[in-house]
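Quick heads-up: structures coming right below.
Two complexes are shown next, each including chain A; its partner changes from chain B in the first to chain C in the second.
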Partner chain A sequence: MTGILAGAALLILVAEAVLGEKSRKTLPGYIALAAIIASIGLILITQISPAYSLTASHPVFRNDLIGVFFSIVVLIVSALVAAASIEYVKTIGNSAAYNALLLFTAIGMVLLSFAADLLMIIVAWELMSLPTYMLTGFRKRDPDSTEASVKYFILGAFSSGVLLYALSLVYLLAGSTNIATAVTALQKLAPELNPIAILALALLVAGFGLKMSVVPFHMWIPDAYEGAPPTVAALLSSATKKAAFAVAIRVFIVTLPFLQLEWSAIFAILAVATMTLGNVAALTQRMLPRMLAYSSIAQAGYILVGLAVSPYAQSTPMGLVGVLFHSFTHGVMQAAAFIAVAAVSLRLVKSNLDSYSGLGLRMPVTAFTLTIALLGLAGVPPLNGFWSKLVLFSAAVEAGSTVWWGGWLAVIGILNSAFSLGYYAWVIKRMYLDDPEETGRLKEPMGLTGVLVAAALIIIVTGLYPAPIYEFAKNASAALLSASTAAAPR
Partner chain B sequence: MTYEAAQLTFETLTPWLVWFIPMLGAILTPLIAKAGDKARNYFAVAVSLLSALLAASMLPAALGGNVIHHQVEWIPALKITAGVLADPIAVLMANIVAWISFLIMVYSIGYMKDETSLTRYWFFMNFFIGNMQLIVLSDNFLQLFFGWEGVGLCSYGLIGFWNRDEEKHWVGTPGHTVWGVPQAYSPTHAGMKAFITTRIGDISFLIGLLILYSVAGTFDFIHLAENKQWASSLAAMGLLIPVGVLIFGGAIGKSAQFPLHEWLPDAMAGPTAVSALIHAATMVKAGVFLMARAGPIFYSAGSGLGVTGFFEAIAWIGAFTAFLAATQAMVAKEVKKVLAYSTVSQIGYMMLGMGVAGLVADFATGYVAGFFHLTSHAIFKAAMFMGAGALIHATETKYMNEMGGLRKSMRITYISMLLAAAGLAGVPLFSGFWSKDAILGATLSVNTPSAVPLTILASATVFITAFYSFRMIGMIFHGEPSHHLEKLEEHGHHIHEAPRVMWLPYAILAVATVAIGLTGPFFEGALHSIAGSSLEKVFELHVEEEGFKLNFVALGISIAGLGVGAFPAYRYYIARTADPSSLVSGGFLAALYRFLENRWYINALYYKVFVYPSVTIGRGLFKVFETGVIDRLSGAAASSSIAVSSVGNWIDVNIIDWFANGTAAAGTVMSRTARRIQSGVTEQYVFIFVIGIIIVILAVLALGSEMN
Partner chain C sequence: MLLSLMIFVPIIGAAVAYLLGKVGTKAVKGFTLAVSIITLALSLSVFANILQSGAGANYSFVEGPISWIPAFSGVDYYLGVDGLSAPLVLISALLTVLVVFGSFDLITIRIKEYYALILIFEGAVIGVFSSLNLLLFYVFWELVLIPMFFFIGIWGGPRRKYAAMKFILFTYVGSAVMLLGFLGLYFFTSPSTFNIPDLARMALTGKIPSWLQGLVAIATFAGFGVKLPVVPFHTWLPDAHVEAPAPISVFLAGLMLKMGGYGFLRVNLQILPEISKQYAWVFISFGILTMFYGALVAIVQKDFKRMIALTSINHMGFVLLGGFTGNLYGVSGAIFQMFNHAAAIGLLFMLSGYIHEQAGTRDVTILRGLRFTMPRTATLVILAALAGMGAPAFSSFLSEYMVIVGAISLDPRYAIVVLVPGLTAGYFMWVIRRTVMSQPKEEVHHHDMNRFSALTLSLYLIPLILLLIFPSLLLNVVDPLSRSLIAALGGA
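Moving on to the complex of A and B:
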C-alpha cells in the first residue's frame, strides 16, 4: 500500500508539470485523497482475505494487527486532512508540493506502524518527520509559520539525534537491530550493562516523547501548532503523534519488560505531568490553536496512562487497548477540531477566542461540528472520547490492585478530564451564548464542512456503538502481547 | 428475574422510546423552527406529550407488578450492555417526570412568550426530558451516568438562558455582601456555579463507578444484585463504604445536598419554568432516584459487611441538609429563593428516607417513605414554582415584600399556591402530610443510636417548614398591596390573573396535591406494593406484607410542629396583627437573622477558600505560560536570556555536535539562524528538553534502586 502512496506522490509531482493552471489547484488534492483511501482499502482487503496477505515474516516489518490498527488510524486522519486541504490549500497555493509532502508523511507513518527493526524505525521516523517540517512552514510569507517550522525543525532534528543514539545503544546491548532478536538478547543482559540500558531508556523516552508530546519534551508544540496551517496542525497532533505512539508501543511494551527497570512508574509520572500541565496551560489560552495544542498535550497524557499501566493488566490488556482506542478517538476528534479552526480561519482574520463569539449563528455547521469535537475531547458521553477514557481509567483502577499508584493515576486522570471540560465548554459557550462583534452569516467553506460533518459522524457513531473498534483494539493488543511472549518465553 | 434479553416487542420498545423521542424532538427543533415560531413551540410541547403518553402506557403493567427489561449488547468484550429496566418504581418515576414536564412545557408557551432565541430553550427542555428519562429507565449505572451528564449540561444551558446578564435577571440582592463576597449573581455566573459544583459530585460518582466496575466487572443493576461476590471483595479491600459514599457523592451534587448545596439557590437565575422543571420536580430528584437504585443493591449485597455505615451517612446528610436549608428559607426575600431552599430541604427529607431504609428492620419502610415524599413534593413544588413565575410576571418583581394583598386580583394563583403550600407544610389531609409522616415514622424506628438526633432534626424541620410556607403565602397574598404595586397601578399597569395556558398547569397540580392528600393512606399502600414488587423482583429483597400504618408519635410531632410553626406565620404575615421587623431589630434574634440571611456563611466561605484562590492561581498561571515565556525572553529581561542562551550554546557545542549526524548538524546551522529570528526561546526549549532527559535518567535510577 505504500506503493500506492509513493506512486501517487510522484504522480502529483508529474501532474504539476503537465497540468494547466486551473486543475493544478485542486487535482493534486484529489489524487492524494484517492491514494490514501485506496491504501486504507488495500489494508482492509489484506486483513479480510488472507489470500492477498503480505509476507507475514518480513525481517524489517511485522504485518500484525497493531500495525494495521495504527496505519488505519493515521490514514483516516490523513484522509480527513487531505480532504480538508483541497479547499484550504487554494489560499496558500502550490498544492502539488503540499499534497506530495502529505503523502510522504503518510508513507512514513504507515511504515513506522509496521516497523519491526530499529534501522527501519529510524528511516521511517525521518521519512515521516522531514515533510512535516516543510508543511509547518508552508505559509512561507507568514513569519509565524516560518518561525514555527524552524523551531519544530530544530527540536525535531535534535530528537532524531537523541533517538538514533538511543537505538544505537540498544543495538550495542542486544547485538541486533531486529526487535524480536533484541528482546531475546536483552533478557540475558549482564547486570553491569544496566547503566547503558538506563541511558538508552531515557533517551528513547525523550526521542519518542518529542513527537508524542510528552512533558517536558513538549515545548515546541504550541508554537508549531499555532504557526502551522491548521490542517497541518491536525496532521501533527492526530497522525504523526499516533505513529510515534505506535512505535513506542513496539519498543517499550515488547522490549522493556525484559529489562529489569522500573519504567512503568516513569510513564506514570510523565502521564501525570503531561496531562496536568497540558490542561492547566490550556485553560489560560486566548488563542484557539494554542488551546488545542495544549489540549493535545493533555490527551497524550491520558494515552500515557494506558502505557504506564499496561504491564499490570489481568485478563485483558486493558491499558494497551486503551492506548489504541484513545489513539483512534483522539485522532479523529483533534483533527476535526483543527479542521474547524482551518474553516474559521478562511473566513475570519483573527483566531483569538473573542472572534469565535456568536459563531453558532454565523457558521452553524462549523460551530456545531467543533462543539461535537470539543465535547468528545472532554470525554462527554456518549461520544467516542468517553469510551476510550473509560477504558484507560478502568485499566488504571485495575492496576491499582498490583501497584499502589494505579488507582491514584485513575483519579488524577478523571480529575484532569473533568477539569478540561472547563476550557472546552468555554469555547462552546463563546460560540453559542456570546454576542459577536460583527454579526452576519458567513459563507461556510463547503469542502471543509463536508469533512467536518464526516468527522463528527465518526465521533458520534463510534460513540454510540464503540464495540467494533474496541474489539479491534483488543485483538491487536492481544496479538502483540502473545507474539512478544512467544518470541521470548521467560 | 431472568437475565435473557427479552424479545423486542412494542412492550419492550416503549421504555426506549420514552427517552429517545424527546431527544430526537430536541434535535429536530432547529429544523422545525424554520417553519415558524408557532410550529416550533407546538412541536416541542407535542413531543413531550407523546413521551408522556408512552410513559403512561407502561403504567398498567407496572401496577400489576410486572418488570419490563430489555437489553442489547453494546460492547460485548467489556461486558457492557445497553438496556432499559422498566420496573414499577421506574415507571412511576417516569410518569411523574413525563407528566410534570408536559405541564411545564405547556406553561412555558405562556411564560416564555416574549422571549427571543426560544429554539435554544425548547431544544434544551426536550433534551433535558430525554436525558432525565434515560436516568430513570436505564438498567445499568453507565447508561444512567450518560443521562446524568446530559441533564447537567441542559441545566447549565438553561440556568444561563438569559445569557446577556441583564440586571433584572440577576439572583440575590445587589449590594449585599458577606465578608466582601457579593451575594448577587448573574445568570451565567449562576450557571457556571451550578455546573462546577455538580461536576464535583459527578467526578466522585464516576470514580466510585469505575472502582465498582473494576471489581464487579459489570454496571448492570440486576447483575450486581444477583451476584453479590463483588461486595465481599470490596469489603476485603476496605472499599465497600467508600465506593458507596463516592456514588452517593454524585447524588449529593445533583440533588444539592450539604456540602454541595450552594448552587441550587443561585440557579434561580434561570427562567422560572426551568426552575420548576429542573430545579424542583425532576433533575434534583435524580440523586434520590440514584439512591433508590444503588441503595437496595448495596443493602442486599453488603448485608453482614457493615454496610449500615453507608446508610447512616445518607441519613445524616439528608437530615442535616433538611434542617440547614429550611432555616435559610425562613428569612429569604425572593419568592423563588424560598422555594429553592425549601426544595433543598425537602430533598434532604427524601435522602433521610433512603438512608433510614437501610437502618430499619424492613428496607421497604424508609424506601417507600422516601419515594412517596418524592412524588408528593414533585407535584406541589412544581405547582408552587409555576405559580411564582406567574406572580413575577404579573408584579414585575421577585421580592415578596414588594407584593402583598394579591389574593383578590390573582384568585386562581392564590388558591393553587395555598393548596400546594398546605401540602408543603404538611397540613393534614394534604399530600405532604402523609409522606412526611411516613419518613418521620421510619426514622423513629431506626435501630441505631442515630434515631434520636435524626428525629430531632427532622421534627425541627417540620416546624420550620410550616413557618416559611405560610410566611410566603402571607407576604404575597395577604395584607395591603406594597408601594411597588401601587406605583404599578399608577402607571396604568393593572395586576390581573395569569393567562389560562399558564394557570391551568399549576391548578392541575394543586388539585393533584389535594387528591393525593385525600387518598393518602390508600396511595401509600399502593406505593408500598409497587415499590415492594420492584425490590423483590429486581433486587431480590424480602419485603414484608404491610398495609398502611399510622405512626402516632410521628403524627403527634407533625401536627404539633405544624401548629407551632404556622401560628407565628399566621400572626405576623397573614393576619398581620404584629410587625415581624420588630423581632429582628436587635439582640439574639437579629444576629440569628443575619446568620441565616448570610446562608450560614457557607457560601462566602466557599468563595473565599475555593473560588477566589483558583482565580488568582489561574491568572498567575496565565502569566507564567504566556507572558512569562514569550515576553520575558523577548528582550525585556535580558540577563536571563543571556544565561539561557549561553546554556544553549553549550548544548550546541557539546551535545548536538556530539550526536554528530547529518540531521543534527543541519539542526545546529538552523539553530543559529533561529537565534536571530527569535532570541532565546528555541534554546530554552532545547535546554528544557535536555533537562527532561536528565530527569528521566534520575527517575529511573531512583525508582530502580527502590525496586531492587
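Moving on to the complex of A and C:
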C-alpha cells in the first residue's frame, strides 16, 4: 500500500518530465488523489477482512487496528487535501513537486501509524516532516510563507533531534529498539536508573509535543499555519498532528505504565494548559488561519485529556477511544475549515476576519460548509465533533472515581469547549449577520466546494450515525491494551 | 412512529422549504404552513389519545429504546410522552402554526432561510419534550440554539448581533455544564444509563446516592436555570427578546423558556427527588426571587416589548415555585402555567410586533389612543393583558391560583407571592391606560392590522378560554403524572 503511494509519487515526478504544459497543471493532482484513495481501499480490503489477526506482527511494524485506524484517518485527510489542491495549486504552479511532496508526507504518516520500532519511528517521522517543511514554504515569493517554512523547519529539526535523543535514552534503558521487547526490559528497570527514565520521558513529551501542538511547544504553529498555503495548513493540523498522536499512543500508553512514573498527571496539566491557552489566544485573533491554528492547539488539549485519563478506564478504554475518535473528527473538521479558507483566499485578497463579512450571501456553499465545520469544532450536536468530545470528557468523568483531578479535568474541558463557541460563532456571525464591505456574488471555485461538501457530509453523517467509528475505535483501543499487557505480563 | 414523525417531518420539511425558495416565496410559506398544520394535527391526536385513556402518569407512544451507539451502552433513541410532555408538545405545534401565520406580515427578507429554520426549530423543540434519553434530550436541546441564533442575528432589531452572541454564549455554556451533570449521572449509577425512565426507577429505589443527586442538581441548574430563566441567569433574556422579531419572541418565550421548566420538572423531580425534597426551599426561593424581580423590573420599563419579556421572567418563576412545592396544586399548576403562559405571552409579543410595525415605536410613553387609531389591535391588547396579568377571564388565572395555593399549603409564609399577580396587574393596567384608553395625539394615522391577522391572533385566546371553562381537558392529562411525581417525592 505504501508501494502505491511511493509509486505514484515517482510517477508524478517522471510525468513532470514527459508531459506537456497543459496536463502538467492538473494531472499530478489526479494521480495523487487516485493513489491515496487506492491506498484507503487497499487498507480496508486487507485489514478488515475476517482473516485479520493481531498476532501477525512484523519486528518493525505492528499490524494492528490502531495503525489501521490512524492510517485511514491520515489518508482521508490527505485525500481531502489532495482533492482540494488540484484547483488550489493552479495558482501557485509546480503541481508535480507539490503532489509528490504530499504523497511522501502521506507515506511517512502511514508508516508512522504502524511503526513499532524506535528506529522506524525516527525514519518515518523524518519522512513525514521533511516534505512538510518544503510544502509550508511552497509559495516561495511570499515572504510570510518562507518565514513560516524556516521557522517550522528550525523547530521541527530541533524536535527531531530531541526525539532522537529521547529514543536513544529509551534504547539505553531497554536494550532494544522494538517497543514490545523494550516493555519487557523496562519492567525490570533498576531504580537507580529512574532519573534517566524521567529525562527520557520529558524529552519524548517535548519531541512529540512539538508536532502534537502541545503547550509550551506550540509557538511555531500560528505562524506556520498562517504562512503556509491553506491546503498545507490543513495537512499539518489534520494529518501530521494525528500521526504524531498515533506514535505517541504507542510509546506512551504501551511503554510508560512500566516506568512507574506519574505521567498521567503531567499529561493532565499539559492538557489544561494547552486547551486554555489555545482557546484564550484564539479569541483575540483577527486572521482566520491564525484563529484556526490556536483552535487546533486547543483541540490537541482535548485529545490530551483522553491520553491523561486513559490509565483509569474501567470496562471500556474510553480515554483512548476518545483520542482515536477525536483524531478522526477533528481531522475532517479542521481540514474542511482550512480548505474553506483556501476557497475564500482564491476569491478575496485579504484574509482578515473583516473580509469574511457577509460571506453567507457572497459564497453560500463555502460559508455553509465552513459553518458546519466550525460548529463541529465547537462540539455542537449532532455533528461528529460533539460525540468525540463527549467520549473524551466522559472518560474524564469516569476517571473521577479513581483520581481526584478526573472530574475537574472534565469540568475545565467542558467549560473550555463551551467558551470556544465564542470565537467559532464569531466567524459565523461575520459570515451571516454582518454586512459585507463589497457586495456581489462571487463565483465559488467548483473543485474546492466539491471537496467542502464532501467533508461537510462526512461531518454530518458520522455525527448522526457515529456507531461504526466509535466501535472501530473501541476495538482498536482494546486490542492495543490487551496486546500491550500480553506482551509483558506483570 | 407518531413522535418521530412529529420531529422529522418538520426537520426534513425544512430542507424542502429551503429548496422551494427557487419556486417562489408563496410556495415556501404555503409549504411551511402545511407542514406545521400536519404536525399540529398529529400532536392533537397524541394529546387526545392520552386524555381519553387517562394514561398521563405513564409514557405513551413509546419508541425504542433503539441503541444509537451499541458500543456505548445507554445512548439510545428513545421517545415517549406523558402528562408532562404531551401538553408541551401540543403547545409547541400550536405555536408554530401561529408563528407561521404571524410571520407572513412581519418577515420580509430571506424568506426561504427563515421558514426552513422555523421548521428545524419546531422539530428540535418537540424532540426536547419527547426524548426519554438524556443524551438525545441534550442533542435536541442544543439543536434548538442554532436556528434561534440566526433568527435573532439575521431578522432581529438594531442590536441583533450583540443579542445573538450573548444569547448563544449564555445558553451554550449553561447547557455544557448541564451535560456534565448528565455524564456524572451516567457514570456513577449502575447499570450506567441515560434513559430517563430507568434513572427515575433507580431514584425511586434509592440507588442514586444523595451526594450525586446534589452535584447533578447543581450542574443541571446551570442548564435549566439559564433557559427558564432563573434570576440571576436571566440577563440574556431581555436583550434576546427585544432584538428578536416578534414571531421569534413568541418562540423564545413560548417554547424555549418552557424547556427550562420542563427540565426542572423532568430531571429534578423525577431523577433527583431526594435533593428536590430536601432543598426545595432553595429552588422555591429562587422561584420567588425570580417572580418578584421580573414583576418589579417590568414596572419601570418603557418599551412594551421589554416589559413583556420581563413579565415572562416573572411568570416562569411560578413554574419553579409550583414545581418544588411537591403537592398536587403546585405541580399541576406549574405544568398548567407553562401551557397558559405560552399562549398568553405569544399573543402579547405578536401584538408588540404589530404595534411596532404600524406605529413605528413600542415606547409606552409615546403610544397614545390606540383604541381610536388601531381598534382591532387595542381590543387584542386588552384581552392579552388580561391573560398576562392572570385575570379570571382566562385560564392563566387558574394556573397562577393553583401555584399560589400549592405554595401556601406548603408553608403559609409563602403567601407573600400573592403580591406578584397584584404587581403584574398593576403595570398591565398602567399600560392599557396609557396606550389604549388615552386620547390620540392629532394627525396620527396608523393602519390597523387586517382582519386576517386579527383572526389568527385571536387563535391564541382559544386555548386560554377553553381551559378556563374546561380545565379538566388539560388537568386530566397532567394530574396523574403530578400524582406520580409527588409520590416519588414522598409526599401525599
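The rule is short, and it goes like this: the second predicted complex is superposed on the first by the 483 of 490 C-alpha atoms of A that agree within 3 Å, B and C clash if a C-alpha of one lies under 4 Å from a C-alpha of the other, contacts with A are read in each partner's own complex, and residues count from 1 in each chain.
In this text, a residue touches a chain if its C-beta (ideal position, glycine included) is under 8 Å from a C-beta of that chain, and two chains touch if they have at least 3 such contacts.
Since the structure is predicted, the reported quantities are computational estimates derived from the model, not experimental observations.
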| item | value |
| --- | --- |
| Combined model on chain A where chain B meets chain C, clash or fit | clash |
| Touching partner for A:Val162 - first (chain B), second (chain C), both, neither | first |
| Which superposed partner A:Phe393 touches (first chain B, second chain C, both, neither) | both |
| Partner with the higher number of touched chain A residues, chain C or chain B | B |
| Chain B versus chain C as contact partner of A:Thr284, first or second or both or neither | first |
| Partner chain(s) touched by A:Ala418 [first = chain B, second = chain C, both, neither] | both |
| Chain B versus chain C as contact partner of A:Leu433, first or second or both or neither | both |
| Contacts of A:Val380 with chain B and chain C, given as first, second, both or neither | both |
| Contacts of A:Phe153 with chain B and chain C, given as first, second, both or neither | first |
| Which superposed partner A:Ile198 touches (first chain B, second chain C, both, neither) | first |
| Chain A residues contacted in one complex by chain B, in the other by chain C | 316, 380-382, 387, 390-391, 393-394, 397-398, 400, 407, 410-411, 414-415, 418, 421-422, 425, 429, 432-434, 466-467, 470-471, 474 |
| List of chain A residues in touch with chain C within their complex | 316, 375, 380-382, 386-387, 390-391, 393-394, 397-398, 400-401, 407, 410-411, 414-415, 417-419, 421-422, 425-426, 428-429, 432-434, 466-467, 470-471, 474 |
| Residue numbers on chain A that touch chain B, as the complex places them | 126, 146-147, 150-151, 153-155, 157-162, 164-165, 198-199, 201-203, 205-206, 209-210, 215-217, 219-220, 223, 260-263, 265-266, 269-270, 280-281, 283-286, 316, 380-382, 387, 390-391, 393-394, 397-398, 400, 407, 410-411, 414-415, 418, 421-422, 425, 429, 432-435, 465-467, 470-471, 474 |
| Partner chain A, residues of chain B touching it in the complex | 73-78, 120, 145-146, 149-150, 153, 156, 160, 163-164, 188, 195-196, 199, 202-203, 206-207, 210-211, 213-214, 618, 621-622, 625-626, 656, 659, 661, 663-664, 666-667, 670-671, 673-674, 677-678, 681-682, 684-686, 688-689, 691-693, 695-697, 699-701, 703-704, 706-708 |
| Complex contacts: residues of chain C adjacent to chain A | 67-72, 135, 138-139, 142-143, 145-146, 149-150, 153-154, 160-161, 164-165, 168-169, 172-173, 176-177, 179-180, 183-184, 186-188 |
